[in-house]
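Down below are the structures I want you to see.
Here subunit A shows up in two complexes: once beside subunit B, once beside subunit C.
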Partner chain A sequence: MATENKRKVVIPGEVIAKGDDFLPGEGTEKTDQGIIALRFGLAEEINKLIKVIPLSGVYKPRRGNIVIGKVENITFNGWVIDINAPENAFLSLTEVPRYVNKNGLDEFMDIGDMVVAKIWSINKRGIDLSLKSRGLGKIDEGLIVKINPHKVPRIIGREGSMINLIKNKTRCNITVGQNGFIWIKGETIDDELFSKKAILFIAERSYLSGLTEEVEKWFEQNKEKTK
Partner chain B sequence: MDKFQTTSEITGERIKQYLAQGKRFDGRKLDELRKIEIEVGVSKKAEGSCRVRIGKTEVIVGIKMGIGTPYADSPNKGNLMTTAELTPLSSPRFEPGPPRFEAIELSRVIDRGIRESKVIDFEKLCIKEGEKVWTIFIDIYSINNDGNLMDAAGIGAIIALKNARFPKYDEKNEQIVFGELTDKKLPLSDNIPIAITAHKIGDNIIIDPTQEEEDLSEARVTIGFSDGIISSIQKGNSAPLSFEEMEKILEIVKKSWKNIFKKIEKFLE
Partner chain C sequence: MAAKEFKRPDGRKLDEMRPISAKVGVIPSADGSAMWKQGDTIAIAAVHGPKKMHPQHQQDPSTGQLRCNYNLMSFSVSDRARPGKNRRSQEIDKIIEWALEPVLLIKDFPNMVIDVTIQIIQADAGTRCAGINAAALALAHAGIPMKGMVSSVALGKLDKTLVVDLNKAEEDFEEGEGATDIPISMISDGKITHIQLDGKITPTQLKEVMKMAKKACKEIYEIQKKALKESLEVKKNG
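After this line comes the complex of A and B, so read on.
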C-alpha cells in the first residue's frame, strides 16, 4: 500500500524526477531535465525505478487474454474477428469445441455477432483465437459496454475484488474482455443498466486509490433509486 | 465508417426491449429532451456565436458577415450560406477532409430551416441593388457527438443569428472594417425556427436520441418548425412512415418546440 500513495497522474513531457537517483522504466525517458513521462498515466516508483502505468491508448493483444470481439467476415475455415486491436484476429473452425457444419459457418456465428474468445497464439501471420475453454463462446443476449482497455485492471480489481462486488450487488453475470469490452447479462434490463452505471463510475475514477471503498459507498447511495 | 464503432446488435436488442416498456437507457421518457446548456458570444472574431450542449453533444455555431454580389435571380436580396464541419475530435467516426454525406446533409437541413421560415429579411441586406449585398455565413462545428447533432446545430444557428451584430462598413472604400461591431442587429422577424428531429425505433417514436439510439434509428424526420408553421421537412434512413406515425411525430415536435423555446427564450432578445 506504501507505493499506492506515491502514485501521481502525469502527462507526456512532464518531469517526474530530477537527478541521477532514479532509473527510467516503462513509459518514461531520461532527458537533460530529468526523467519525463512518455504517456498519460500514473507514475509509480519502486526501488528507484520509475514507470508510468498508462491510462489511455490502444489495446495491445497478449497471449492468454480473454477478449470480446465482433465477427467481421467469414472464410471457408473460420471467422475473422475484430477485437479492437491494430489488426483483426482469426478464429479457426478447429478451435470450436462442437460440431459446426462446414458449409454453413454462418449458422453458428454470422457477421455482426459478438463472441467471447481467448488469444492462444500471436505470430507473424496474425492473432489466433480459440473457444476451447470454459466460459467462451457466442454471446446471444445482454449488454455490451466499452471502456478504455487500460482501465480493465481497475474494473477487475485486486484478485477480482471489484468485479465480484459489482456481481454481488447487481446479481448480473459480467464477463470482462481485456480489450475493453464488457458483457453484462442479468435477470432484468434494469439490473444490467445498474451494472453498466457502476462500471462507468469506476472507469471514470480509475486514477483514485482506495477505489473499492468508494464504489461500496456509491452502491449504498444508489441502491434505493433502482429498487 | 468503421463498423466496430457502431452499437452492437445485442445492445441494440436490449434498447428495443427497453423502449417497448416505454423506458430509455438514460431514464428519460420517449419524448423527453436531455439537458440543454447554452453559452453565447464564445468567439471574439465572429459577429455572433453560440455554444450549445444537449447532454454530451456539443456544437459551436458562428455567424460571419461578408460583402458579396447578389445572385442574378435576386438582385435586391442578400445571401445566406451554411456550412457544417464534423470535426474528428468530436467522434472517432469523423475523419478530416472534405465534407461527407452527413456534414452536407446537416448544413443543408439547417440552411433550409432558416431560409424557408423567412426569419431573415433578405431585402434589408441589400447595399446596392445588383452589385453589393451582405452575405451571412453560418458555420457549424461539432465539438462532441453523442447523437442529435442536427437539433443542437439548429438551436445554435437561430441563437447565434439573434445575437449577431453588423460589422462596421466603410462606405468610402466600400469594404468592411473587421474587428469593429456596430449595435445594429440582423433584420430578423419574430419567428423562431427550430429543427427538431424525431426517430422511429421499432414501433416507438423518440426525440433527442443518444448515439446508441441513433445507430438503431429506422426512420428519421427533421422538421423545421416555428410556432405552428412548418417550414421544412427532411426524411432520412430507409424505413417508411405511416400517416398515423407522421401525425404522432408532428404532435411530439409541436410539444418539444414549446419546451425548447422556453429553455432558449432568454438568449433570443
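After this line comes the complex of A and C, so read on.
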C-alpha cells in the first residue's frame, strides 16, 4: 500500500493499492486485483490519486516544452533539429524573431549548432519549434550536459527550488531543456564544470526523497575542493 | 513408475531451478538493458526506442511495433556456431516477439518501433527463456508501459519424469523415452503468452507441467522484481 507522501519503487504489473479507495492516475491502471503499475518507476499517492513517475525511457515531446536541440539539416525555409525525440523537429524561418538572409540560413545557424527552442505545435507532419519567446535562441558558448529526460523534474525541483540552488551556489546561468539537455553558462570553466558535477549528482539520485537537503550537504562538502 | 528414484545429472531436485542472477542497466548507451544468468546460460538484452520505424514503408500508423533480434554468439557454445542470422534465430526472434507483445502497451507509439536485441553470450540450454526474461527486464527498465512482467522457464520430461529448467546435459538425455522440452512464458498474473513443445507428452502430464511452470515462473518473477528494485538501491549506498 502506498502510504502518504512516501514514494515506493514499483515494477510493471505490481499491485500498488487494493480496493476502491484510490483513483488510478498516470502510469497506472485499474484491474480486478486493484490498481497496478504500468511502468517501472516511483509510485506516489496524492489525495487518493495514485500515479507512477517513470525514471527512464525516451523523451516524449509535449506542446510548450522548452527543448535544447542540435541542427541536423538546413532546408530552404528553416532548420531540421534533433531534439532527442523519436522524431526530428522543424524550426521555420518565420518563427525566428529577427532578420535572417533567406539565401544564407547557415549564417544564423549552421549544422551542428545547438539551439534553445520551444515546441510550438505537434501534428501529424511533425514537431514545429519556435524561437519567439524570451530566453530562446542559438547557444554560442557554455557547456551542455545530457541526462535522462525523466530526471528533469528533479533537476528543476519544486517550483524551481533545486535549479535555483545550483544557480546560486555555482553562479552559473542554467537552462534546462525538457528533453534532457542542460545548458550551463558561467563566468569560468571551473564554475561550469562544478555545476555539471552537481547536476550529475542529482541525476544519479533522482529517486531519493528530500533531495534538496542532500544536495545542500553535497555543496557544503565540495565547496572547498573547487575553489 | 520410476519417478521416485530418478536422479538428475547435476543432482538438482525435480522442481529445482539452476542458480539465477539478474542485473539491470548493464548497457549505458541503451534506453534499457538487463543481464540474465541461469546456471551456465547468460543472456544480455538491450532495448532501443520507441523510435521512428525505419524503413519507412514498415511504419504502422495504428500501432507501434516490437522488433526482436536474438543472437547466439559464436563462442557461446562448445562447437563454434556460425555467426549471423540463421533459420533457428529467426524463429526465436518471432517467438520472443509473440511472448512479449501481449504485455506491451504498444498502441501509444504509432509509427514507432521498439528494438530489442538479445545476445546469448553463454549457452547451456534454455536460451530463449533466458532471453525472454532478460528482454522483459530491459523493457521495464526502458520505461515502456507494460501490463505486467513476462517470466519464462523451460520444463522438461526426462524419460517419464517431469523436471524444471533443463540444462544441456539433460536436453541430450537419451534413456527410455528421451527428453521432451517445453518452454513456457507467463505474465505475472498467470496468463500464458508462449508455450512450445518439442517431443511427446500425455495430457495428464501436461497439466502437471502447467502447475510446475506456474510455480517456477513465480520464482522467476520475484527475481525480476528484486533485480529492478535493486538497480535503484545500489546507487543509494554508493
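Note that in this section the second predicted complex is superposed on the first by the 209 of 227 C-alpha atoms of A that agree within 3 Å, B and C clash if a C-alpha of one lies under 4 Å from a C-alpha of the other, contacts with A are read in each partner's own complex, and residues count from 1 in each chain.
In this text, contacts are C-beta pairs under 8 Å (C-beta built on N, C-alpha and C of every residue); 3 or more make two chains touch, one makes a residue touch a chain.
Since we're looking at a predicted model, the values are computed, not measured.
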Mind telling me which of the two, subunit B or subunit C, contacts the most residues of subunit A? C
Does the superposition put A:G13 against subunit B (first), subunit C (second), both, or neither? second
Based on the superposed arrangement, let me know which partner A:C172 touches: subunit B (first), subunit C (second), both, or neither? neither
After lining up the shared chain so the two structures overlap, which partner does A:I202 touch, if you call subunit B first and subunit C second: first, second, both or neither? neither
Where does A:D140 make contact in the superposed view: on subunit B (first), on subunit C (second), on both, or on neither? first
In subunit A, both subunit B and subunit C touch residues none
Which of the residues in subunit B end up touching subunit A in this complex? 3-4, 8-11, 13-14, 17-18, 21, 25
List of subunit C residues in touch with subunit A within their complex: 31-32, 49-52, 103, 105, 109, 112, 140-149, 187-189, 224-225, 228-229, 232, 235-236
Any idea which subunit A residues touch subunit B in the complex? 70, 72, 82, 84, 112-114, 139-144, 189, 192-193
Inside the complex, what are the residues of subunit A that reach subunit C? 9, 11-14, 27, 29, 33, 36, 38-41, 54-58, 86-87, 150, 204-205, 207-208
